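What follows is chain A paired twice: with chain B in the first complex and chain C in the second.
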Partner chain A sequence: MRTTNNVILQTSIKILLFFIVLYSVYIFTAGHYYPGGGFIGGLMTAGAIVLLLIAYDIKTVAKILPVNYRILTAVGLIFAIGTSAGALLFNVPFLTHAFGHVVIPVLGDISLHTATLFDLGVYFVVVGVTMTIIQTIGEDE
Partner chain B sequence: MNAIIEFLIGFFILVGALLSLVAAFGVIRLPDVYTRNHAASKSATLGVMCILLGAFLYFYHLEGHFNSRLILGFVFLFMTSPVAGHLISRAAYHSGVPLWNKSVRDDLKRDMKKASAGNKDDLKKNNKKKALVSK
Partner chain C sequence: MNNLIVLPILIPLLTGAILIFFSKRVMAQRWIATLSSIATIIVSFLIVQKVRSEGIQSLNISSWDAPFGITLVSDMFSSLLVLTTSIIGFVILIYSFKSIGEEREKFYYYAVFNFLLVGVNGAFTTGDIFNLFVFFEVMLMSSYVLLVLGGTKIQLRESIKYLLVNVISSALFVIAVAYLYSVVGTLNMAHVSLRIAEVGQPVIITVIAVLFLVVYGLKGAIFPLYFWMPGSYYAPPIPVLALFGALLTKVGVYSITRTYTLFFYHDAGFTHQLLGILAILSIIVGVIGAIAYWDIKNIVIYNIIVAVGVILYGISVMTPDSLAGSVYYLLHDMIIKAALFLLVGIVIAVTGTSNLKKISGLIKHYPGLAWTFFIAAMALAGIPPLSGFIGKVLIVKGGFEGESYVGAAIVLMSSLLVLFSIMKIFINGFWGEDRSYDVKEKAPVKWLLISPVILVILSALYGLGSEAILPYIYQAAETLSDPSIYIQAVLKE
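And now, the complex of A and B:
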């Protein structure tokens, strides 16, 4: 454990992390109608985790977020392939996406698109790859 | 009412640009890292916040578009920029960047000396205690 006095950095990051993660989720979900999407949403989430790594130890962050980022990358790829290959079940070409409006009791009319699931795959892959690169560089001591 | 809001938009954006310019002059003209950091982190923060406020008012007034991202950026900048300035100054001090030759006080140096002396005293006491226990 490092014993430097990082109170200001750690306290500010505790508050700022919520803003950054919220904004990255916003960018991810708004990607269909506004600038944004899986890639920069994933990069921003990875940036939030990197901020945690700057303020705390690599071991503390592994305790806060017990995620194996290599598995996260694999899950993302499975999402991307699964949503693309799912089109084959309906006798349409690979990568054909479906779109529709769904009325959900509390949230009301929502337009849902299977491309969002593909984008979720991109999001997971970007978070997983970025964090794998940074952790493997950071762990060499 | 329109004229007042349009005046405010122009006022905020011009004041923000002016403050950013003042920050740039400060960074060029001030003598050492700490005073430069003081100029850059305070004046530039307020300048950019004024410009963001002007942009927010412009879109809200003329296009009726409430852009919450600008407000979020406003709050975010207000919280991060001073912390960044603090960390840069601290890193500079601990890596031994000298103060301006005309500065007269260095309280941090005195306090750090005191703290390290205190640690040494504690170590001595602990060693004495250990010695007593082992006897």
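And now, the complex of A and C:
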């Protein structure tokens, strides 16, 4: 437990955190048309969590975000493998992606691509790996 | 559509990802890993049969046509290697159950084991030079983890060396690919071959060829670039060592073979002669090391360098017979090196030491172990009817046909010294005065012996059934000696 008083740091990070996470989600979803994608989005989300780690200690952050990052990495891998192996079910070459327009009531007509799911896998793996590295080094005495 | 050839990569990859969820449940991990490895064997066997009946199989990943997307290509050479890899993976997996220890098993051993197989199978199957680099990295990253897993002092020290060497050689690989790309403007292997043939291999391509030789030579431990291997391979536990000895260097050998038969065959007077000289020097250095040591692990490790030299000598001669011999010998060597390392592991488990001077008289208590080792040693040296014989005969025959008399003679002489080095283990370790070893109660010898016995039987069948197997080998050699078959299968022109 920290003994020093970090009111300014903790308060500003509480506010900043949402903006950083929002921006990382924006970067992730915009990846197909603008610079960005799963890798940089994941890194930025991990960066937000690292800011939390700087403001608080590892135990508190683990309480706020009860995520096992190794499992998250594996889930990301399964996502990526699943979307690429899904092509096998439709008898097209491995990693062939599907694309289509879907009308969703609120959002209207949006184009969906299974490559996004693949990218979501990349996103999870990047967050998982970065946080595993930082946590294991941080916990190491 | 032909998604069959992606399965030897996909199955271990999926298994590795699933095994991460079960990291603390050892029995579940063992079952999942075993089942997936049996599935991989079946699939790779089907691929071999399919390539045999229908010719080279290629798959344009994500439906992009050949030079623009990544292509996976299974010709006979790579599909046979994938089959051998799958079998060796299965056998070493079974050995690991009683040998690697629960501590390591709970720390993602089987997951990383599967990722290594992904890298090796992928490197054998890919038809894209940069994708080959990526699969090299998948394989190397897993091998770093397997090498350091457990964290003993010697493992930590040797991991640093191994990592340094491989990081440098990977950087060289990227540089070599960048040079090649800036000259030919494509990464698809068949397309690269076509473009090089169009310009007729100017000097810059020959320079790139030598750069590739340096890169793959570092991975595959040929003569001046083998320095990292004896130390690094001495460190890891036995199943990991067997995996490394049987698979990792062979991927380097495969890549040299692929690039030197598909890309850089126009200026054979320079490139292939250089390869031949380095191969012969590797054989000489390897046998010197194998004779010099009194440590059983080191003896077998230096025998890897000999085998790499013999195979590459066959490639450098480039006659149909020598190519077939190299393919045959490569498969034989993967099987027999895995068997020897596993047997050496049992000897170490029984006696508690790898120093040959402290071991003797094992044959009285462990006759099964002794005779398995004897047969494996005979196969290694190339005594007919075992598997090492035909490969070497073809290589030597090809050497004489190619009027490379000195090289062929050295290959022949090396067999004698290899036989000497391996019989040194047999005579000193298994014969002689019987000593009682304290640790012998602990080692589950019967279970451990299953794996090398399977491999030795395979090796014997491989030698005895060579009549049935040689058509496959010659089909592989035909593709190697005529790149247009490969190019046509990929680009479909």
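Quick note on the criterion: the second predicted complex is superposed on the first by the 141 of 141 C-alpha atoms of A that agree within 3 Å, B and C clash if a C-alpha of one lies under 4 Å from a C-alpha of the other, contacts with A are read in each partner's own complex, and residues count from 1 in each chain.
By our rule, a residue touches a chain if its C-beta (ideal position, glycine included) is under 8 Å from a C-beta of that chain, and two chains touch if they have at least 3 such contacts.
Keep in mind it's a predicted model, so treat the numbers as computed, not measured.
After superposition onto chain A, the partners chain B and chain C occupy separate space and fit alongside each other.
After superposition on chain A, the vertex angle at the CA centre of chain A, spanning the CA centres of chain B and chain C, is 120 degrees to the nearest 10. Looking at the shared chain after the overlay, A:91 reaches chain C, while chain B stays out of its contact range.
In the superposition on chain A, A:81 makes contact with chain C only, while chain B stays out of contact range. In the superposition on chain A, A:73 makes contact with chain C only, while chain B stays out of contact range.
Which of chain B and chain C touches more residues of chain A is settled by the count: it is C. Using the contact criterion defined above for the overlaid structures, shared-chain residue A:102 touches neither chain B nor chain C, since it reaches no partner. Contacts of A:19 after superposition: chain B is touched, whereas chain C is not reached. Of the two partner chains, chain B is the only one touched by A:8; chain C is not. Minimum Cα-Cα distance between chain B and chain C in the superposed model: 34 Å. Chain contact summary for the complex, chain A toward chain B: residues 8-9, 12, 15-16, 19, 23.
Contacts from chain C toward chain A in the complex involve residues 1-3, 6, 10, 13-14, 16-18, 20-21, 23, 59-63, 72. For chain A in complex with chain C, the residues that touch the partner chain are 70-71, 73-74, 77-78, 81, 85, 87-88, 91-97. The touching residues of chain B, when paired with chain A in their complex, are 69, 72, 75-76, 79-80, 83, 86-87.
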